[in-house]
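In the two complexes that follow, subunit A is the common piece, with subunit B as its partner first and subunit C second.
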Partner chain A sequence: MASFDDNTQFVIGMLRECGLAHKTIIIVLDEFHRFAQGKQRLLYSLLDAMQSVTSQAVVIGISCRLDADQLLEKRVRSRLSHRKLLFCPPSKEELDRLLECLLSLPVSSSLPQSYIVEFNKELRKILADKKFKDTIDTLLSSDSTVDQILRFLFLSVSSMDLKTGILSVENFMTAVVRMNRQPKLECTKDCSILELYILVCMKRLEMREQVSYNFNSIMKEYKAIHDSFQTPDYYARNVCIRAFEHLLQCELISFMDNRRNNQSIEFRPVKLLISPYELHQGLKLNQSCPTILQKLMDQIGKRS
Partner chain B sequence: MISKRVPVSFPARSTQINEVLCHLGPLNSPMLPLFIYGGASTGKTSIILDTFRHLKRPFVYSSCRTCYSPKVLFESILNQLAFHKRVEENGYVSVKKCEKPSDFANFLRESLVNVVDILKEKGAKMNVKKTSAYTWGNMVYLIFDDFELVREWDKSSTILPFLFGLYRMLGLPEVGIIFLSKVSPDSYYSNSGHIEPIPLYFPGYSEKDLREIFMQKQENSERYSIVLKPFFRVTRQVDELSIAFRPVYEKYCQLLNDPGSNFSWETKQKREDAKKRLYSHLAPYIRSSLNEVFEISPLDTEAKADEVKGKASSKKRGAHDEELDFHMSVSAKYLLISAFLASRNPATLDASLFDPTGGLDGRKKRKKCSEKATEQKEMAEQELLLKGPGTFPLERLLAIFQCITSVEDISVDEEVDDDDGAPVVNQVAQYDLTSNVLLQVSSLCNANFISKGSSCPLEGSTRYKSTVSEELAMKVARSLKFPLSRYLFRR
Partner chain C sequence: MAETPIKARKRLDLKTPSKPLSSPSFLPPQTPNTQTPSRHFIPPSIESTPTRRSSRRLSLHSDDLNLTPEKPIKQTTPKTLAKSPKTPKSTRKSKLSSTQTEKVSTQEPIHPKSPALSEKRKRKSGDGLGNAVKTRARAQNVPKKRVYYKKVVFDGCEFVVGDDVYVKRRENASSDDEDPEVEECRVCFRGGRGLMIECDDCLGGFHLKCLKPPLKEVPEDDWTCGFCEAKKLGKEVQLPMPPKGKKRARTLREKLLSSDLWAARIESIWKEVDRTYWFRAHWYMIPEETAAGRQPHNLRRELYRTNDFADAEANDPLSLLLQMESVIRHCYVMSPKEFAKARNEGDDVFFCEYEYDIRWHSFRDSQRSMMKKSDDDDDSASDEDWKSTKDPVSESEEDTDFEDEIEKKKPRGPSSQELAANSRKGRIFGLQKIGTKSIPKHVRCHKQTELERAKQTLLLATLPKSLPCRDKEMEEISTFIKGAICDDQCLGRCLYIHGVPGTGKTMSVLAVMRSLKSELDSGSIKPYSFVEINGLKLATAENIYRVIYEALSGHRVSWKKALHFLNERFSEGKQVGKGVNKPCILLIDELDLLVTRNQSVLYNILDWPTRPNSKLIVIGIANTMDLPEKLLPRISSRMGIHRLCFGPYTYQQLQEIIMSRLKGIDAFDKQAVEFASRKVAAISGDARRALEICRRAAEIADYRVKNQSSPADTTSVGKTNVGMTDVEAAIQEMFQAPHIQVIRNSSKMGKIFLAGMVHELYKTGMAETTFEKLAFAVSCFCTSNGEQFPGCDTLLRVGCKLGECRIIICEPGSRHRLQKLQLNFPSDDVAFALKDCQELPWLAKYL
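Then we have the complex of A and B:
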């Protein structure tokens, strides 16, 4: 295993040789911002070599961070020529062309010609459809990178009907539904009734502007609700701790600090990771939510 | 071809299985990385493994729970790709030592190219012969299970983007990557950013689905549905429900198989009556088991209790809650009680409580509860709820321990009989602070009855905290016949 200095000497030596042999070298540094962490020794030695050794070499850095060159130390930045090329996500027209290009079958492929013609015809019909265009616009307005487009197209193509082998609008619509996830809502729909009680108790505590509360305060609130409304769902403390742990696991709630300072789970302060609107929606969508909880959420909604 | 055999063994999961099969596609179709997430026991691991075994496609499975660090994870994957097993003969050595992601990327690429070549060769040979109905593909799949645990590893900020970007980095279309996680992909977002895989959600089971699952092995499903409803309100996880149902189901079968009761199921009215009778018989059991935390009870001890003492067995079961169900040495029990007292009582009270001359008569006068006093009481209660047990230094613990063990009377317990019928004498000797007793403190710390807190800023000594609940402390005190309530400070 060679040391850093040995490797640097080797690189400089090679650059010199290539320079003498009139060979151009292009060095590409992907995820350039990661090289800019720490002491930037690699960047410094490389850029220094560019300047001192007679060679035809160029260093290209690629990064997703716009301020990658601001991260560089002064001595490295001075050796950099400040040329930046910005690659933007595709515009609307480019998107349309991209979609057509990616999806249509090439005429020169080995599949039967009649199939290719029919496939491309159907595809053009779909791409020209107004409803399709509107859905695509909404989807890509949040994230119009090529990555997102590729994932969307993969999902659509994977749900293609294998018997006919032709894409239809339904494939794209199912893909859009899959891409537009609402993770907190999904979790809340899956909660059991006891877990919903705990969430509503936490919301009520927050509404009362209690800055920090823990499991014991939630249990007190739970008991208060049971006493005032005589609900049938009043369970023992250890069952409630189990439900509390479920909620922690699916990340609907979390501890305020991650320091794990040896306190047991009942005393550590917690916070909700779900907004009141999402909680309200979740209660509505949950099939087994008791009406008392809905009433309590409405009360909270009116107060805020 | 996609057959219908897989959905039958997984009721209520046919949509999800369909989506997985669509994503994998027919033989030799490349795929983008897939991220399957859902709550616990929603069938993620079992469906994926079953699907792959059913489709007979080669896969490499590694769980981030058993592979608890990057080194173990990398080596496990490389071992599986090299068909190498760590056995006694080769000294449990992996095929390659691999710690850094950079090394792993190179080794993985090599092994994958190797395996794909082997598959292509074999496939070409077997498909020409057409001996088996199975067609060999040339794709390999990597499955990462329990992926949410990677977030808690030491170097997770580099490992997570590395694993997510594995597909793009390898650039091999013959490799498919699948991540299984309990947590949705949003909690993996970090400052560094990564390539997002395609998400697929496995929802929890609805009540109808749960009924289907549990009734798979039973006949006459409608009779058993009355048991499910109350448990469903507490938890929806299949693993916990199945543990909870077992004792209730046994009681249920007891009644049904009892020759004395005649249940007839012919007419609707008789069915309703039968259901009502069954429910009223079961109701107390359901109510009590709802409030238990789905523990797996030791079956053999219950059976023994039934054999040995027939009539007294029900009494014993009721008294079970009052007794300690684990064994501790006497000095450890006293230490536990001392720790509990030290955490609960403020240090200023120690003198009056443990004074060997007086005992506890510090509260002779009872002040009238003024409004301010009740308010203060409430605030103090609130604080207790929020802050948790107080901390104490080791010296205070040992001081209290010496006080209570020196004050204890020696009593002869006449009620406790052992098998011969002779009375057992309970002897409590004077406990000197031998090193054995001090060792008990550290074993209590390891068992998490006492937790070590941060050191006090003024003195620099470590402070401890008792983490037992009042219930447990009472149980321990009762087993020693120690009057704990006399020493507890009640505000």
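Then we have the complex of A and C:
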């Protein structure tokens, strides 16, 4: 292993020689901000070499962070040339061009000519469709990057009807639904009745401005509901604890602290991770939800 | 303590027997006595053509040479070879002889781009330096710059980069006329005729039949001649004198070993503008020339590779020798491994195992580096060429050689050069060869415009001719150094230089050192040594000892050892390396990086100057003004006394710096420069930044001019100078914060999200908010303005995306509802960016 010093020397020697030979070197530092950690030795050496050696070399840093250059130490920042190039998401017109360009089949491909013509004709129809435009708008309202568009198009094309081999607006609409999933809501929808009870109990505890609560206090609340409303669903404590663990795994609830002390889970304080609105929605969507829970949630909604 | 050469030799001594005997062919230990070239010369049956050595000159006109005698030799040799594989073999034959003709005709350009890649030149036999004129006359298209070659055919002989050659020493250039092709027998003083044997000691050749008693055949193991044996026994020996009138001709090998010639390895070859050929080479040294002299363990044919780069650019008296004219012909310097395998290379075979450092008179095992080199060089002695000759199927020599030739021409492409930097321990070999590529013509012919020249001079890498604005500081530094080293006592001193980045700290010190160097050369001050270290380029702070020690003595040791030696040198005044201790000037850039937890490194370095006889001057450079105050009191008391501050440049100074660089180039408006320098002076006073702005402005102007001139060539030639607008644009580009643009280009939900953040901030007055609150605000926005609320999870994703590019600062998304959010930019900026949004006009009322 050569030391850092040796390698720096090597790189500088290389840069010098390549500069003499009129060879250009491009050094790309992807995730540039990660290089700005620690003593920034690499950046310092590289940028220093850029200006102390007559070389035809370029250092290009790529980063998603806007403040990447602020992370640099003063002496390194002074050596940076401060040229910035910003890549923005595509505008409306660019987007249209991009879509057409990405989706249409090239004329000179190995596919049968008639198919290509038909496919492209159908595609142009879709692109002009109002429904399609609305789909694209809903997609891009949350994230308008090219990456997102590409993923969306891939999903749409993979749901294409293979019998006809022609894209339809429905493909895009199903894709956009698949892109904009609401994992938490869907999770609540699939919860068992006991889990729903636990969630509602937690919510009630929170409503009573109890800042910190754990499994035991939830069980107390559960018992209270059972006692006052005479619900048919009452489960033993060890069943409850398993439901509780399942909720933890679904990340619908979480521990307050991340410290892994050897307290058992019953005593560790927990927090609800979904908002009351989502919980309410989830209860409505869940078919097996007991009416009593919905009633309780309605009460909470009214009170707040 | 530094190893004296003698010691070093001893170490080598011990090492010799236990050399890495990697291959079984290494069997005989490498002591000089066992090292036996069992050489025999088989007489050509009919003609008296010498077989032992052939010269290219001879072979040029005797093409029949390669027809006859080789075949029997080839058949006889393998027997002996099998038994003593280590020896360079008897039937050596200069490869050049037979392949000469083919080579000339099958010249193959390696680089198709350069005008004439392998050029042929002829020289009338013998007249060495006199034909430069002739070649100049032959110039066809004179390239403006140097042209590098990989291969040059010079005087009918091909020289490739990496070849070893004999080089004339100028003083006895006259004696090189005689280049005897055949070694004469030491007894009868006639060449040819009959089998000859070489003495292992004096390398003299003897006819078998001239010996007393005559030998029937060549002995398999070592053989020393009677004279040498007698000498060893302490007898007076009278060598037979040559017959009167006949001077004993010496071969090139003999001349080399009596230091009348030099051997060198070509590192690069180029053609100068005036069409003379030059090359850069590593010298080889014979053991006698080293400081240690010839040691008993040195082989007769042993050479040392030196680290002396004979460089034409260095104005030393030797540089004349580096013209191609001074090259006589090939020799073959081999590493032990190659030497063991070598068979019939002729007389010009040498052995090189160690590298000799001429500066420090130390020896280093160069085997490793040599091996590496010969692996990727097209060294004519490399193993590959010999594989085919080793083939048991005996062919005529001519065929074999021809095959070699073909093999050689195969492009040895990247495969052999794809070595990671690490595999060479960061040492660089053969880099010179990169420079052999030619420059495309259109680049060379391009005439630079004023703007391009301006851009060139504004580059940070171009060293300015003068350094304005730091005269006072430079004066102070130079009086400080001179005061320290010119003192007879040479008391150690310490100077701390501080200042913000880009104010010319390092550059000033280096400029002072340059001027001191010229004073040293003119002899007005005493010699000193200068060590420059950058704290950021050290692997650890402790490594600085190692670097200092290496710079002072040339040895690489561990840092603990180095610290020990340096302590001895500076506090006890012991010597490091050879000679008297010179005053040492130590420049430590980025000094703050040497601050370790217990600050022992800084303490040691700053403590040495206070010792008597240390002769150490420390100059520390750092950015922070109060570094000494932050350190332990015992350190700051040693460092903080003498300080020098480099203040930020004022705008006048910046202007002067830029103008001094642009002297003679009419590209910038004066106001434009002033504007740029005022702007930079107001912000940081960083000269780098000012130069960078001006360069960018020149680029913008260049672009503008090019754009203008393309549609209407004639009309808009008017303004080509860099004006205010260009500088303005450059400054805009450099100082603008991209966040406003990013916010404006973010997605719809992203904008609503940010508006919600601003709204929350105004409502609560607290910078931090949680995702739950924000989601509530956003859903309110959406419902009251007819937007569709996408759901909390989508909103969370939007928030995380914004957090990724640091428009907001947020906790990881797994915290979900509890995720804490905060704007990373002033809320006013965000409000400003969102106010006049066409997509969502209603946002304005929440801001």
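Following the convention adopted for this analysis, the second predicted complex is superposed on the first by the 304 of 304 C-alpha atoms of A that agree within 3 Å, B and C clash if a C-alpha of one lies under 4 Å from a C-alpha of the other, contacts with A are read in each partner's own complex, and residues count from 1 in each chain.
One rule holds in what follows: a residue touches a chain if its C-beta (ideal position, glycine included) is under 8 Å from a C-beta of that chain, and two chains touch if they have at least 3 such contacts.
In this text, all values refer to a predicted model and were calculated from it rather than measured experimentally.
Enquirer: Can A:251 be said to touch subunit B (first), subunit C (second), both, or neither?
Expert: both
Enquirer: Pick one for A:44: touches subunit B only (first), subunit C only (second), both, or neither.
Expert: After superposition on chain A, A:44 lies in contact with subunit C alone.
Enquirer: According to the stated criteria, A:239 is in contact with first (subunit B), second (subunit C), both, or neither; which is it?
Expert: A:239: touches subunit B, not subunit C.
Enquirer: Looking at the overlay, does A:64 come into contact with subunit B only (first), subunit C only (second), both, or neither?
Expert: A:64 sits against subunit B and subunit C alike.
Enquirer: Thinking of the overlay built on chain A, is A:181 touched by subunit B (first), by subunit C (second), by both, or by neither?
Expert: In the superposition, A:181 touches subunit B and subunit C alike.
Enquirer: Which positions of subunit A sit in both the subunit B and the subunit C interface?
Expert: 64, 181, 183, 251
Enquirer: Along subunit A, where are the residues that touch subunit C in the complex?
Expert: 1-11, 13-14, 17-18, 20-23, 39, 41, 44-45, 50-55, 64-67, 74-75, 77-79, 81-84, 86, 88-89, 138, 140-144, 180-185, 251, 254, 271-275, 277-278
Enquirer: Subunit A touches which residues of subunit C in the complex?
Expert: Interface residues on subunit C, with respect to subunit A: 421-422, 424-428, 431-432, 434-437, 439-440, 443, 459-462, 500-502, 536-539, 543, 547, 590, 593, 623, 684, 686, 688-689, 692, 696, 733-734, 736-739, 741-742, 745-750, 772, 775-776, 779, 788, 790-795, 797-798, 801, 804-807, 814-818, 824.
Enquirer: Mind listing the subunit A positions that touch subunit B in their complex?
Expert: Within the complex, subunit A touches subunit B at residues 64, 147, 150-151, 154-155, 158-159, 162, 178, 181, 183, 186-187, 189-194, 212-214, 216-217, 220, 233, 235-236, 238-239, 241-243, 246, 249-251, 261-264, 266-267, 269, 287-288.
Enquirer: Spell out the part of subunit B that touches subunit A in their complex, as residue ranges.
Expert: 22-23, 25-26, 31-32, 39-40, 182-187, 193, 195-196, 198-201, 203-204, 206-207, 232-237, 240, 290-294, 385-389, 451-454, 465, 467
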